[in-house]
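Letters A, B, C, D and E name the chains as they come in the text, with residue numbers starting at 1 for each one.
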Amino acid sequence: MTILLEVEGLETCYGSSQVLFGIHLRMAAGEVATLLGRNGMGKTTTVRSLLGMTPASAGRVRFRGERIEHLAADRIARMGMAVVPEGRQIFANLTVQENLQAFAANRNASENPWSLDRVYQLFPRLAERSRNPGNRLSGGEQQMLAIGRALMTNPHLLILDEATEGLAPLIREEIWQCLAALRAQGQAILVIDKYVKRLMALADQHTLIERGQVVWQGSSAQLEAQPALWQRYIGV
Amino acid sequence: MPPPLLQVQSLVKRFGGLTATDHASFAVQSGHIHALIGPNGAGKTTLIHQLSGALVPDAGQILFAGEAVERKPMPARVQAGLVRSYQITSIFKRLTVLENIALGVQARDGSSWRFWQPARNERARYAQAAEVAERVGLAAQLQQTAGLLAHGEQRQLEVALALATRPRMLLLDEPMAGMGPDESERMLQLLLQLRNDTTILLVEHDMDAVFRLADRISTLVFGKVIATGTPEEIRRNPDVRRAYLGDEAEEAA
Amino acid sequence: ADQVKVGLLSTLSGPGAGLGTDIRDGFQLAVKHMNGKIGNLPAEVVVVDDQQNPEVAKQTAERLLKRDKVDFMTGTVFSNVMLAVGPAAFQNKTFFISPNAGPSQYAGAQCNPYFFNVSQQNDALHEAAGQTMQDKGFKRVALIAPNYPAGKDSIAGFKRFYKGEVGMETYTSLSQLDYGAEISKMRAAQVDGVYIFLPGGLGVNFIKQFVGAGLSKDVTLYAPGFSADEDVIRAVGDSMLGTFNTSQWAHDLDNAANKKFVADFQKEFGRNPSLYASQGYDAARLMDAAVRDVKGKLDDKAALRKAIEAAKFESVRGSFKFNSNHFPVQDYYLRVVSKDAQGKLTNRTVGTVFKNHQDAYVKDCKMPS
Amino acid sequence: MNTILILEQSLNGLQFGLMLFLLAAGLTLVFGIMDMINLAHGSLYMIGAYLVATFSQASGSFWLGLGLGVLATVLVGVLLEYTILRRLYHRDHLSQVMGTFAILLMSNEIVRIIWGAQPLMLNPPAALAGPVMLMDGFSYPAYRLLIIGVGLAVALLLWLLVTRTRFGMQVRAGAANREMATAMGANVRRLFTLVFALGAALCAVAGGMLGPLLAVQVGMGESILILAFVVIVIGGIGSIRGALLGALLVGLVDTAGRTLVPLLFDKAMGPEVAANAGPAVASILIYVLMAAVLFYKPQGLFPAHD
Amino acid sequence: MQRSVFDHRLQPRFMLPLLALLIAFPLIAQATGEDFYIGVASRVLVFGLAAASLNFILGFGGMVSFGHAAFVGLGAYTVGLLMQQGISSAWLAWPLAMLMGAVFSLLVGAISLRTQGVYFIMITLAFAQMLYYLIMSFKALGGDDGLSLPSRSDISLGLDLAQDATFYYVVLALVSTSLLLMARVLNARFGHVLQAIKENETRMQAIGFPVYRYKLVAFSLAGAFAGLAGALLANQGSFVGPGMLQWTQSGILLIMVILGGVGHLYGGLLGAAVFLLLEEVLAAYTVHWQLGLGAVLLMVVLVAPNGLLSLRRGMWSKR
């Protein structure tokens, strides 16, 4: 199995305050992984460092066989990493359709690439609102749009930070199904969310983070078998 | 039954061709936690905007404590006790947690038309703020700069800001969004603790929380209130399940 | 005194910098002609920028007066700057030889023993233009000036001598760039002549657009001398051809002083001297004559004043003497822009409009003796 | 008032408006898209006019001069962007105001050092120098017609570029949320440089085209810069459509005001008052217009983002 | 209580020695025969006050007024017109100048504060330009020529303002008092509200502050201080002219504030001092002084992102 992403000893600081103290992670192509942990433990920071948005101060990141920890964010994105960021970050002055089209690309040359139509099929609400400016959407619609926008780049690795934040139960369900379907198509996904049960059903492997350090790594089955573990590091 | 604290009557709001609020009517009893649920884009946030005064409705009435408020500006409503929090975190990023909350306290605590006495010396106000911080679980972060808090902590501060104004009624737009399970739990405990003193209108997609908290639930679909009732009634309502809940009702039960 | 110190406060930056630069260059050329001396005393000229800002000018003038303790002030281009700095100089009893600004206040009620103007009272060129258009038998003219008091004064000056019909009288904004509307209005008003008082770039804009609109065939353009001077001709080019303008000086005036001035200015600076340059030149010559007259006793203010009033210098404009209000009594000429022998565009003097003309304000002046 | 005068004044308004548009378009792009207050925009306009004038004189052909001048201005603009302005993008508006104000001062002085304080000559191509007969008894300057034509063409092209191409979308995305656009794979730096180059080109076109009509002189950028700001604020910042509408509105209102206001005052209050108040009101009319528009629409006519 | 970013200390450790120096300055100047610089110093102080009043709304209330010179000019014209009518009492003219500044800024603010950001910048500019053109076109106000004042205002108390040193001390006293007042207001509840509005206006509204009213009062206060600065400026130069109200003048005030430090108590004062002295020095050397001025300003922007005062405290606050 080819290694898609390999992270070793990742350390990151915001100014003078260090947040990550050596994160390691390894994902194979087609694999689904999660990052789990309480608020403020460094999940988002990990993601930002992978994407080059907050450059790491130490450690190695290898993506599709290349070292990327020193690359600019746009280079990394063009190598096929796409993110659904915390807080959505929709382009407020672009319409829904433009948000989807602006960065569309086929970066992994799959036979069934994402298109406007396919995204609209997945989220019919977006089709209805396709001419709305991005900031005139409900919170949930924005989340759908953020996911659609990331998919439109046909990434090798899709990263979702708070994948279902602000989504209604029915839509949330659709997202899980969608992620499952993507996984079935061989899409590699790194996902953060608070619905741990759903994540266990979806993902191959999990990484528990506490204060910027990896405290546990393992498969869904292993995690499920140790409720004490996730109660301690994630909560309820 | 006493008259409701908040009464929404046939409220209408249009955005161009879209009717975001479509003759919505419901009432919130004093001391209740009243949940407002509905699919994404149903118009919940739009409704909260109209209740808080950020948007002016096109038609209909909003009665708060028996008084029509739909034409009043936002600050006047806050003074009357109707206070909101934001779905997208809106705090004072350069200030510390304590100072953030102290501003909220200041809003309700006497006049701010004071031009001479240093505000920093108002110990009572900062003490009050510290209390509020403690209630929402930010006691350890009092001197932390708000902008540097983690997402979840910022959400807690978001609620604290609203709480600091000692509202009679709180309008909370997805307070749990972006919180992990145990932070969610803490927020939930906080809201439970507020119940009775403070009436709450809660918009939330976390059904677990909604069903544990709510005294009454109204469901909004396409801007219309399709059902209002107890959690049990709502859970069983086939329209609500079709439009919103799906199978989650069972799961959360 | 063992030297003469001159404060030359002029507009050397901003849109009006071209005018100030010419005055400065004219002045310094004169000093050079006098071998670096004024009235046989070594001359020191302190050149400073007034930024065309009365307030800044006032501050700078104070420095020249109080710190540098200059014996003469000069340089001022703009009337508003002049009015702001004047009082400081007068209070200090320092003679102010204005090489351009000639506000009506100082010609009339507020005339001052310490103020002399070597150019012309602000209205004079407009009066000369009015007289010319009257003489040439224009039936119906259009008048355009910016909407501020000086603009209104200019039109009033024009009308003092023009008695025909005014088909259109328009005051434009000072920041206006496009004169399309005025030109159209003028066409509709069916005038046979137009007089413009549009200082600096405004005039350049107007003339270019006026000619572009094809109006120059039916309507004759008149302007004050400074709006059709060598600098403007250079900027506008062929469109200027045939523009009539009035002036107290012209580079082709036939007198020895002028010939030397024009030739040397061209040699020194590589361009034709303008009206402003000639005025700067004359200001220096006037000082020279006066200082010589009092034999360098600059502290004897009364004698110095008399000496300046006598104005015993050879002006490049020919006849020149001071009126009782310290403004010139002089001739005014009509010039027209045309091609010279080498085919170069330049002004040609075509006649004299006024002989020994004095301004309209002198009657209000009660000059203290 | 006859029809010809009204027609002519409308064309004047249109032409003045379109000339403002050329400048306002570049300004609104840089401002709306890069969120950058660029006071040096007027300087590029001035430099453009000077360069076009110089190249025209040197080559003897207006069109060749225009082409070379625009190219050279783009070069100057890109150089400016590359060395200084890009350090200001991520800064607040106030730093941008000061930084670009400094550039404005310096360019004025540098132009003065190179070309001198006196205005420069730039004439329209001979073929367009005169008027053309549009109708019986109605001739209009050919050169102004050309400006109208160029203005309309540029407006259309720009609008297509910004709203219909992926380049336009990415640039707008980068403006709204630079970090996110980068994370989506856009090289925002390069995009901004391109936008800036485009803005500089528009400046040079405006300066070059207007040179034959206006005085090419130091400081010519400032007065027109203020007007361009008025235009983009009326139209709504960042909106090409708004800039066009705002420019036309300003052009027409200004032109009409200078013709009509004195007339109206004359009728309403008699010649005495009219002579005094008429011109005063006419000169502040566009500011009144702007204040009125912002009073009713605090975001301008076409707000691009909230 | 820990210090907040909203509190602004008077910093007596730096300011008292500076004040002492300023008090001694005329004596030093007279002793060295450079009396001329007393006038320069007065002018710097007056512009410092004008810039500080702008900083009050800009740096602490987020209101970027591009028409601030109008309020200064209005104060100046108040003094000028009264003087023309033969009324020269400072006790009447100066408060009236403040009142005019306050009232006009109240009117301008009432309309302008409906808008935000650049729209606010431009609408304030619009009102200032209207005033500028109106003054320019009326002869009774002196038009383009402005008004030359026969004397300085009369303050009685046995003080003769015509003496540059006396005038300087009066200016120093007024400017210091004004800054002290502003500091007091900023550290009081009102000031905290104002600064919080700058930080997050929507949220202030949502926790119950009638934001518009607070901003309007602050705007009007600044107008009053600007009016006072105008009154002093008219006296300092014995001259009032429409140039004082021109947009370039508003721009320069803005530059002064940015140069000194937006949101620093002494930002306006420092900015005015550096700007004016720089101009004074450079202009003495070359007619191309604007090139030098531009270069210095540019350098400051690049190395001191938040103005000169931010250099001293280092990078204590990140944007």
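The rule we apply is simple: contacts are C-beta pairs under 8 Å (C-beta built on N, C-alpha and C of every residue); 3 or more make two chains touch, one makes a residue touch a chain.
Fair warning: this is a prediction, and the values are worked out from it, not measured in the lab.
Asks: Which neighbours does subunit C have in common with subunit E?
Replies: Both-contact set = D.
Asks: With centres defined by CA atoms only, which chain is the most remote from subunit B?
Replies: C
Asks: Go through A-D and D-E and name the pair with more C-beta contacts between its chains.
Replies: D-E
Asks: Of all the other chains, whose mean CA position lies farthest from subunit A?
Replies: C
Asks: Between subunit D and subunit E, tell me the centre distance in angstrom, where each centre is the average of that chain's C-alpha atoms.
Replies: 32
Asks: Using the average of all C-alpha atoms in each chain as its centre, how far is it in Å between subunit A and subunit C?
Replies: 75
Asks: Taking each chain's centre as its mean C-alpha position, how far apart are subunit B and subunit E in Å?
Replies: 43
Asks: So the centre of each chain is just the mean of its C-alpha atoms; given that, what is the distance between subunit A and subunit B in Å?
Replies: Between these chains, centre-to-centre, one finds 29 Å.
Asks: Enumerate the residues of subunit B that touch no fewer than two other chains.
Replies: Residues of subunit B never touch two or more of the other chains.
Asks: Which positions in subunit D touch two or more other chains at once?
Replies: Residues 109, 112, 226, 279-280, 283.
Asks: Which subunit C residues reach two or more other chains?
Replies: 13, 147, 171, 173-174
Asks: Quick one: which chain pairs are touching?
Replies: Those chain pairs which touch are A-B, A-D, B-E, C-D, C-E, D-E.
Asks: Looking at the complex, which residues from subunit E come into contact with subunit B?
Replies: Residue positions touching the partner: 1-7, 184-185, 187-193, 196, 199-200, 202-211, 214, 317.
Asks: Please give the residue numbers of subunit A that touch subunit D in the complex, ascending.
Replies: Residue list for subunit A touching subunit D: 51, 53, 72-74, 77-78, 82-83, 85, 89, 91-94, 98-99, 101-103, 105, 133-135, 149, 153.
Asks: Provide the residue numbers of subunit D that touch subunit E in the complex, in ascending order.
Replies: Residues of subunit D touching subunit E: 31, 37, 84, 87-88, 91-95, 97-99, 101-106, 108-110, 112-113, 222, 226, 229-230, 233, 237, 276, 279-280, 283-284, 287-288, 290-291, 294-295, 298-300.
Asks: Could you please specify the touching residues of subunit E with respect to subunit D in the complex?
Replies: 58, 64, 111, 114-119, 122-123, 125-127, 129-130, 133-134, 137-138, 247-248, 251, 254-255, 258-259, 262, 288, 290-291, 293-298, 300-302, 305, 319
Asks: Across the complex, what residues on subunit C touch subunit D?
Replies: Those residues of subunit C that touch subunit D are 13-15, 17-18, 21, 147, 169-178, 180-182, 184-185, 187-188, 200-202, 204-205, 208-209, 211-214, 231-232, 234-239, 271.
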